[in-house]
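Quick one: the structure is below, questions incoming.
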């Protein structure tokens, strides 16, 4: 067994273990930290496959940004775990059963596919390819997949706006300028000309023409 | 059966195992929406592993481009998901999955 | 001049106008407009009847225009001997119903009646299947509202049941129409009369058409909507519902000529159902204590005799069935008017509570006894003609069928006479009966018109049959022609 | 002009019906009497033509078609008249009796608030009856048939505030409808076989019917002619009140007496007899039907005579007598002695109308008292009524030389010589019937007119009629006196007819060839009439011959028995009744037939109806079909609702499950 093979098995074991930990941890913080571990391991695996850029991006973006976001939210919400139910409960049985079945199916599918479609390359072709994976990826991204890239950018923007709009809390005490209203203002909004009877005695004015005091 | 040397099949099997683990997590998780979101990240990750593995074995970088897109989408998804989570928490005071039954028929 | 279009759209447009005008000036203009429209439509229908060439079986007053060219759906109208009777009947019934409205009736109710009337003209004169279907279905809407808004205490239940039943039935007809279009690439009903179809397919189409028309007619066991709807509906709507024989007309126009072989095959079953309806509904009517409900069951029982006439495949019986349809429309309308006259005075018409109305209302009593006799089928009234011919045809078909059909002679007399005895005769049993006022001039006039029509058609039915004869003969020829 | 005969009464009826209440009372009866009177004159003229003018011209019958009622393509149903000896005779009888009853009514209904209405109804009845007897086809005959039924219904229920009257009216109509059921089926069979309803065409083609068979359902074949004839006869049974459809006739006595005379004795109830006679060519074809008729007729004759013995209501005695006599006529029909039946019909119309009108006269005199036990001794108070009633009774009993003798004797003889099954039974039943007839008739006469007056004992509570009270209270203790001339004149006219109708007409009608082709008997197969013809030696010898046959002696014995039990030893009657308590109980309860109808038929129908409502409508249609469907949909929706838990993990589970299924089904290849 070569070192790369050894590495693969080790990483795969860590990955699966941390994945199991993610879904089974009682404390969400543990789960989040296990997920970080899973991301790290996955990044390592990708790098062994020659996808250096993606591996690094995974570490930077996910471990650095997304998972931190998760942890922030976790801290912010201060979720108290009140659930005292045992970890293994009855509803786990169908879940595990269907998981096992699913795994069996997929494994059979893969093994079957390998058997019938012998054209699958058995060894990693990446071993021979040039090392500037990042450059090649960049070329492909900005040439062939430019529009898709732009669309993904728009998607990110929309996601960002959505997240802000959803979580933004309008403060009742905040004071702010409404520029559009300031510009759209007209004279009548600001000024009211009130005609007052000039030299009438007070009693007459109130008694006889109360409605004339109103504006015109 | 595949040999000990890691081949494409190994990676695919690994991705499958990861997928199944995360699906079981989604189904079995009844306490925390946050963990649900994490499990979804794992699902996407397993898909990404397949993309990268195929990309490597077929020597075609398109797969890695797809992975990038998936990563971006996953980021958006977790951002919006977390925002919704925060809203949910503000409304109800907890984020336990089993209390979310307003859609009950 | 597009007479038929005028006949269809005049009441509909006027109905919409009535709806819009209903709040103007206490509703007086809307009532005036409704009356004027009913009269105008009546005169147009009278013109159609006068100009109708009764010797010909061909479609007359035809109008054709492409409507949806992609599917070949045409706005195609025309009437033959079968339709013309019901056009005339509808005009008469509409006029009477509208003219019978009191000064306080709501504009929206009048509008519903007018629109129903217009759509009924449409259904009777449509030659295109889609057009027929649309008129057939659209009639549901104003009727649904008229019952649901202006009906009796159980109106919501009754109108929902009515709507669901009818809609359910006609859904199958829609599928049948689509299938026929797929086979023939046309929606012209006349073209379908010559369409060859396998027996298997004919049986399926028979079932589909049967669902639609048996619900509407109604036939046992799809009748459950009818008594409730007739009873809960306001009188005008009940009359429009019961006197518009569109369900039975559907048998004549679509089912019998399009799938004659299936009709032949299934005729014994249909005859059994019809006989069951005749006897069963007769007995059920016997047990009724509410006048309107009794009338409803009586009408349904007579419709059993009509469907019996359809499926005997016999010229005499078929002619009898058509005449019975016309007669039953008149009789049911008249009896419902009587029930209404009683109900507006008494508050309800429980038979056991209001005996001896002859003491207080001799006019109503006289007319009611006359209508009862027409319902029994006494010779000299229109009710006799159809009943007699159908029984003659049934005896000719098979003695057993004839014997069972002839039981209507006894059973019909039993429930009608028992109703008369409880309601009309006897001493005054209830203090409110002696306080009743007799029919007013308008009610007397209305009922006399109906009585005169029954008497006239009973003494000289050739007037009616002469118009329809050529078309019935042609229909029989179609029915006899195998399409396998 | 022929059309005027029925139409004049119709117009009179319309006039009295629509305007009767607005014009003075007198107008109603003047118009109606005049119309029916003119009809009578015209009918008499028609008879004159038939008897005296036509034989010279060789005309057998005249057919007048008024208009085409319905054109069925294969045949035309028309409205028209067939004038032949049969219908001419009937027309005269109907219009004569009707005219006399109209006149009588002026006196009888004097104080009734429904005066104009009554005239309207009886004029309408006359119209319908004339349409019936004059018709030349089944359609019009059925029209008249039902028209007289309607008139009967309205007239029995004339005093509509009496529940018993309206009930009797309804019963009469329904019983007749049961008969019509058979009638219409019979018509239908003839129409199905021959395609026409016209009498002339049916008679011309009656031979085609022989050998035809009809199946009730496939596999059960009967002779068409027999089924059709029995169907038609069932119609006649309803109309002519034969056992077991007879129970309406005694109850119909709830109506005013004039209509009991006109409708329920003289004319309408004989419509069935007339119809069978009119159909004689058809009935001749079926021995089974003739046999059926003779048995039914004999049973009616004997059983109803027995019931007549125990009645105490004067009208009911006459009503049971009518039933019994109708049985005689039916036996004559069954014996193929159609002319004898029609002849008895005619004489019976006279003497039975006479008896009813006389009974009515007594009833008015006693202020609507109908109980024989409260009469007695009226002979001196009401001489005209007494003598006319006595003539009627003699005629009914069949004493020579009154009309009843000439018509009843041949019927008994015909039953003896007939060869259809059951004729011996019929002969003995009729012979015994003569004795019973004499018994009940003279019991009535003796109780009403002889002996000590018992009407003084009448109590206040026994009045049946509401309208009697007003007049009765004032003159309650006055002695009964003879009725006014409008009542007595019809009595006298009818008495004259009852005396002479037999002796004058028996020669031509019964033994001559008056009827010609109108009545066609098959004298070879059914020789009763032929034997009678052969034995006929003229009136005198016939009268003498009567003393050698049992009926006359039986009749005299009956009179003597009645005399003994009512006048000589009334206590003996009580002892006899007591001794034969069980038998008399059966008689008093009309053989329990009414009770059977009431308990079994009526209640059975009602319980069937309510069962249909509960089981059919409420449970099956409303419960199962409507509510059941609704509940099924509701239940389905409720069950499906549980799938929508609202929990994310369940939806996810379903998704994964779906994915699994997808992979399993389509994952490989």
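When the chains are written out, they are named A, B, C and D in that same order, and each has its own residue count from 1.
Basically, contacts are C-beta pairs under 8 Å (C-beta built on N, C-alpha and C of every residue); 3 or more make two chains touch, one makes a residue touch a chain.
The model shown is predicted, which means the values in this text are computed figures rather than measured ones.
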Chain nearest the overall Cα centroid: C
Chains linked by the largest number of contacting C-beta pairs: A-B
Length of the line joining the C-alpha centres of subunit A and subunit B, rounded to whole Å: 12
Length of the line joining the C-alpha centres of subunit C and subunit D, rounded to whole Å: 37
Subunit B-subunit D separation of Cα centroids, rounded to whole Å: 98
Inter-chain centre distance, subunit A versus subunit D - centres from mean C-alpha coordinates, in Å: 100
Residues of subunit B touching at least two other chains: 23, 26-30
Subunit A: positions in contact with at least two other chains: 94-95, 98, 102, 106
Subunit C, residues touching no fewer than two other chains: none
Complete list of chain pairs which touch one another: A-B, A-D, B-D, C-D
Residues on subunit D engaged by subunit A in the complex (per definition of touch): 653, 656-657, 659-660, 663-664, 667-668
Footprint of subunit B on subunit D - complex, ascending: 640-649, 652-653, 656
Complex contact set, residues of subunit C against subunit D: 161, 221, 223-224, 227, 280, 283-284, 286-288, 315-316, 319, 356, 358-359, 369, 373, 378-380, 384-385, 388-389, 391-392, 394-396, 398-400, 402-403, 406-407, 409-410, 413-414, 417-418, 420-421, 424-427, 459-462, 465-466, 469, 473
Subunit D-facing residues of subunit A, complex: 94-95, 98, 101-102, 105-106, 109, 112
Interface residues, subunit B side, partner subunit A - complex: 1-2, 4-14, 16-32, 34-35, 37-39, 41-42, 45, 48-49, 52-53, 55-59, 61-62, 64-65, 67-69, 71-80, 82-87, 89, 94-96
